[in-house]
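Here it is: the structure, laid out below.
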Amino acid sequence: MKTSVGEIAALVEGELVRGDAATILTNFAALDHADESCVSFYGNPKYREQLRSTRAGLVLVPEVAVSAPESAALVVVENPVLAFDSIVRLYGVTSPPFEAGVHQTAFVHPDARLDPTAVSIAAKATVAEGAVIGKGTRIGAGAAIGGDVVIGEDCVIAANVTICQGCLVGNRVILHPGVVVGADGFGFEFVEGRHRKIEQLGIVRIGDDVEIGASSTIDRARFGETVIGEGTKIDNQVQIGHNCIIGKHCIVVAQTGISGSTRIGDYVTLAAQCGIAGHLVIADRVTCGGRTGVIASIREPGGTYFGYPARPFKEGRREAMRIKQLGSLFRRVKALESGKAAPGDEATSGGEAE
Amino acid sequence: MKTSVGEIAALVEGELVRGDAATILTNFAALDHADESCVSFYGNPKYREQLRSTRAGLVLVPEVAVSAPESAALVVVENPVLAFDSIVRLYGVTSPPFEAGVHQTAFVHPDARLDPTAVSIAAKATVAEGAVIGKGTRIGAGAAIGGDVVIGEDCVIAANVTICQGCLVGNRVILHPGVVVGADGFGFEFVEGRHRKIEQLGIVRIGDDVEIGASSTIDRARFGETVIGEGTKIDNQVQIGHNCIIGKHCIVVAQTGISGSTRIGDYVTLAAQCGIAGHLVIADRVTCGGRTGVIASIREPGGTYFGYPARPFKEGRREAMRIKQLGSLFRRVKALESGKAAPGDEATSGGEAE
Amino acid sequence: MKTSVGEIAALVEGELVRGDAATILTNFAALDHADESCVSFYGNPKYREQLRSTRAGLVLVPEVAVSAPESAALVVVENPVLAFDSIVRLYGVTSPPFEAGVHQTAFVHPDARLDPTAVSIAAKATVAEGAVIGKGTRIGAGAAIGGDVVIGEDCVIAANVTICQGCLVGNRVILHPGVVVGADGFGFEFVEGRHRKIEQLGIVRIGDDVEIGASSTIDRARFGETVIGEGTKIDNQVQIGHNCIIGKHCIVVAQTGISGSTRIGDYVTLAAQCGIAGHLVIADRVTCGGRTGVIASIREPGGTYFGYPARPFKEGRREAMRIKQLGSLFRRVKALESGKAAPGDEATSGGEAE
């Protein structure tokens, strides 16, 4: 983008109350990330400190009486959040508009089913025999759509995604680059000193409105289906094992792994770097904090868990506090052993942990 | 699949002892994952509870006298596991049969060596100069085989795999989509305020019968070889650093990382999300539990380890138990300080941890 | 490689002081990894034990008076490290030399800007509309360069890399296979029981001399930029969230994840498998040990941190020591309760932890 303080003020129908309308602006950023080339915004009093120290060239503010550096031009608007959003939408980077057609360098098997006037297949993408692509769906450059895969309508399958043989994808699904859907589950029998492969003959079924982040991997079922429920959002580098059933409207944050045959309820949140063991059940609306390791089923809905092994959040926090106080506990025991009490320790830190 | 209770009974040569032969079945699943559209099986008494509460439409059972919901049709067969397996193999999703040939949209360098009547190169795959592909090997859509790479016979190199310059792959190796073999190891020298790249001039050598899961990455050696031993099975999103030597018949579960120059013995099992530091030695038949962090060599073969830093499993468990009992320990010390004994705590939980 | 003991001695201008000049050598390796087919080297007395037990066929040594197995031929050279390095460079696997041109199976949009006589675009690579590729840059097989992407000079963009719409890449940048730059950040609003996507309209900006390992993912900003600073080196399978600002000359080791909007200073080192929460600030020259979990900003430059939650290294180590001594603490408290002191425990292990 290349615009000016005056143009931004006009665009958001705001009033320039301080600063030079001719100042050039080329970017936008949050208050703490902005420099003098940036438009920023102040919409929430909890960012008052950030406003005070921002290096932004222009800040959209809800009233003139705010405390911001002299270097920042100020434009008063009714709702700075919405105003900023409109600027971002105007100048932000968006994918090019949907353009129907099969690129001349893509390969679509003659026995694939798709309407070339209603789908968009990019350069070097491949669509194998028997695959079905719904209308309004985009397939990115180099993506490989396996045989008999069925993809619904209005999906975005990004560049270099792989969807393996027979897997099913709903409508309005977004798969980011490098996602692998339907690689074999990890299953072996140990026979005469060697690991013999257990054939993985099921599929992956992805519900409507699912989004899966870059380089995440969802394994096909040993038999039957690995399921990602409608509306569930999965971040980058997440691993989901064979035969998992992930419920609807879950959030699974980056680098989390879920082992095979685990069943996750609806509205579950797994923060980053969690690990869930196999063959477990996690109830609806459970939340696991970052890096939680779950090794036993959680059957009660709605709780918040933390730690490895996972325990209820409060308990985990109490335990962490006790560990922090271990130094004092060692001192107290030493004092007892030497016949001297250590009342200070006992009265202060000791009390909290118990 | 679309079949019926009666057809399944006939297929497995079993006796329909309860239920309607005309009921339509469209899927198969384990007892706890099945719904009324599914065939399931009961082959092991430890799943008795799952049988009692299953929602399966049909269950293959070893005898008529089992306790299953009225909603489930029952077919008695001699061996329910084998019978179910035969159904899965009949109706399951399998890769299309091997079809020799180089797809017209693949690119094979004229100086690559392969027999186009004995290998299968899919659409948009690339095989660079000097590469050698053994007979019976499949190269998936969009896979990139680097210069001078040598791949043995009967391998499956899936879609969008990358094998870099000079790496060696044995026979019957399976590389799932997104695997990267032979990217540079991570090595830098710090010179005058900048990290200067140390050239990575070795290769990766992958033994016979190795399987590597989706999006795993195996770095080339700084010099010499990074080795994955014969028969070793690696799950998804595993990272193996430069110059590692992984032994034969190991199991490395998802999201585990092994730092550079570490040497792992034969028959080692690393559960999910382990981390092994660099320049270590892990002896044969060692097992590490989920998320174990190994920061010192383990030279004694056959042990089981857990925790971060890794310690023998029993010790790790005892330590975890002691941490759980910290609350009681704090109470006991407080009681001692106030001159009152706390015999209940001491007699019960206190004893176990010591 | 295929050479002999005599040829190596001649190559490095060394003196063969023991062994048969005709012995064939086909590989090179460090002392502890070498077998009889390998050249190795002994340049540092701290590897004396490895020299004593090496199985190498030939060792380059600085003097004749060293203790090495009879099976190893010995060649004396002035500087074994440099001599070995010269062998590695001669026989090691290197990428083929830069060869300008657009491969006939690549797709370059007519409105992309690049000089086909000065760039190297490999087979099946795609370069979308409006992209700009600097001279001396290589684009690997199957790589997908999105619309309006700008890549500087002398970069190596490996096979199957994806760079999404509008992202900016500096000069001399190396992106290893499977890297994804500019997938959408992970942002949703919860509205009427569903997660509604927050559009991600920013870009990723990658500074000069950055290297990013295989299958790492760098998300585009919600608005503005996600930034990887000049000279920063990122290992494999690293995840960097939207709007992160990573400083200059940082080291980020494998499988580390950094959540959105975190700002990392210059010369920061994050060892393997770290996790950094979102919206934090990490000061310059901070080092985090393996698997550190940072959940609060670290504003003091230069410290070393460890643990989850992260704490200063010494404190973390002391805490780990106390946990190891818990068994003894339980025994000491029991002794106090029973009226007997446990002076041995107190005097030995007890003292260290306090």
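Residue numbering begins at 1 within each chain, and the chains themselves are lettered A, B and C in the order written.
Throughout what follows, contacts are C-beta pairs under 8 Å (C-beta built on N, C-alpha and C of every residue); 3 or more make two chains touch, one makes a residue touch a chain.
Treat the numbers as computed from the prediction; the structure is a model and nothing was measured.
In the CA-based superposition of subunit B onto subunit C, the rotation angle is 120 degrees, rounded to steps of 5. Two copies of one sequence, subunit A and subunit C, touch each other mainly through non-matching residues, since under half of the numbers at the interface are common to both. In terms of their C-alpha centroids, the spacing between subunit A and subunit C amounts to 24 Å. Counting only residues that touch two or more partner chains, subunit A has 124, 142, 160, 178, 215, 237, 255, 323, 326, 329, 333, 336. On subunit B, the positions that touch subunit A within their shared complex are 27-30, 32-34, 38, 88-89, 92-96, 103, 105, 122-124, 140-142, 158-160, 174, 176-178, 209, 211, 213-215, 231, 233, 235-237, 249, 251, 253-255, 272-273, 290-291, 320, 323-324, 326-327, 329-331, 333-334, 336-337. Looking at the complex, you find that subunit B touches subunit C at residues 107, 124-126, 128-129, 142-144, 146-148, 160, 162, 164-166, 178, 180, 183-184, 186, 188, 193-195, 197, 199, 201-203, 215, 217, 219-220, 223-225, 237, 239, 241, 243, 245, 255, 257, 259, 261, 263, 275, 277, 293, 295, 308-309, 318-319, 322-323, 325-326, 329, 332-333, 336, 341-343, 346, 350, 353-354.
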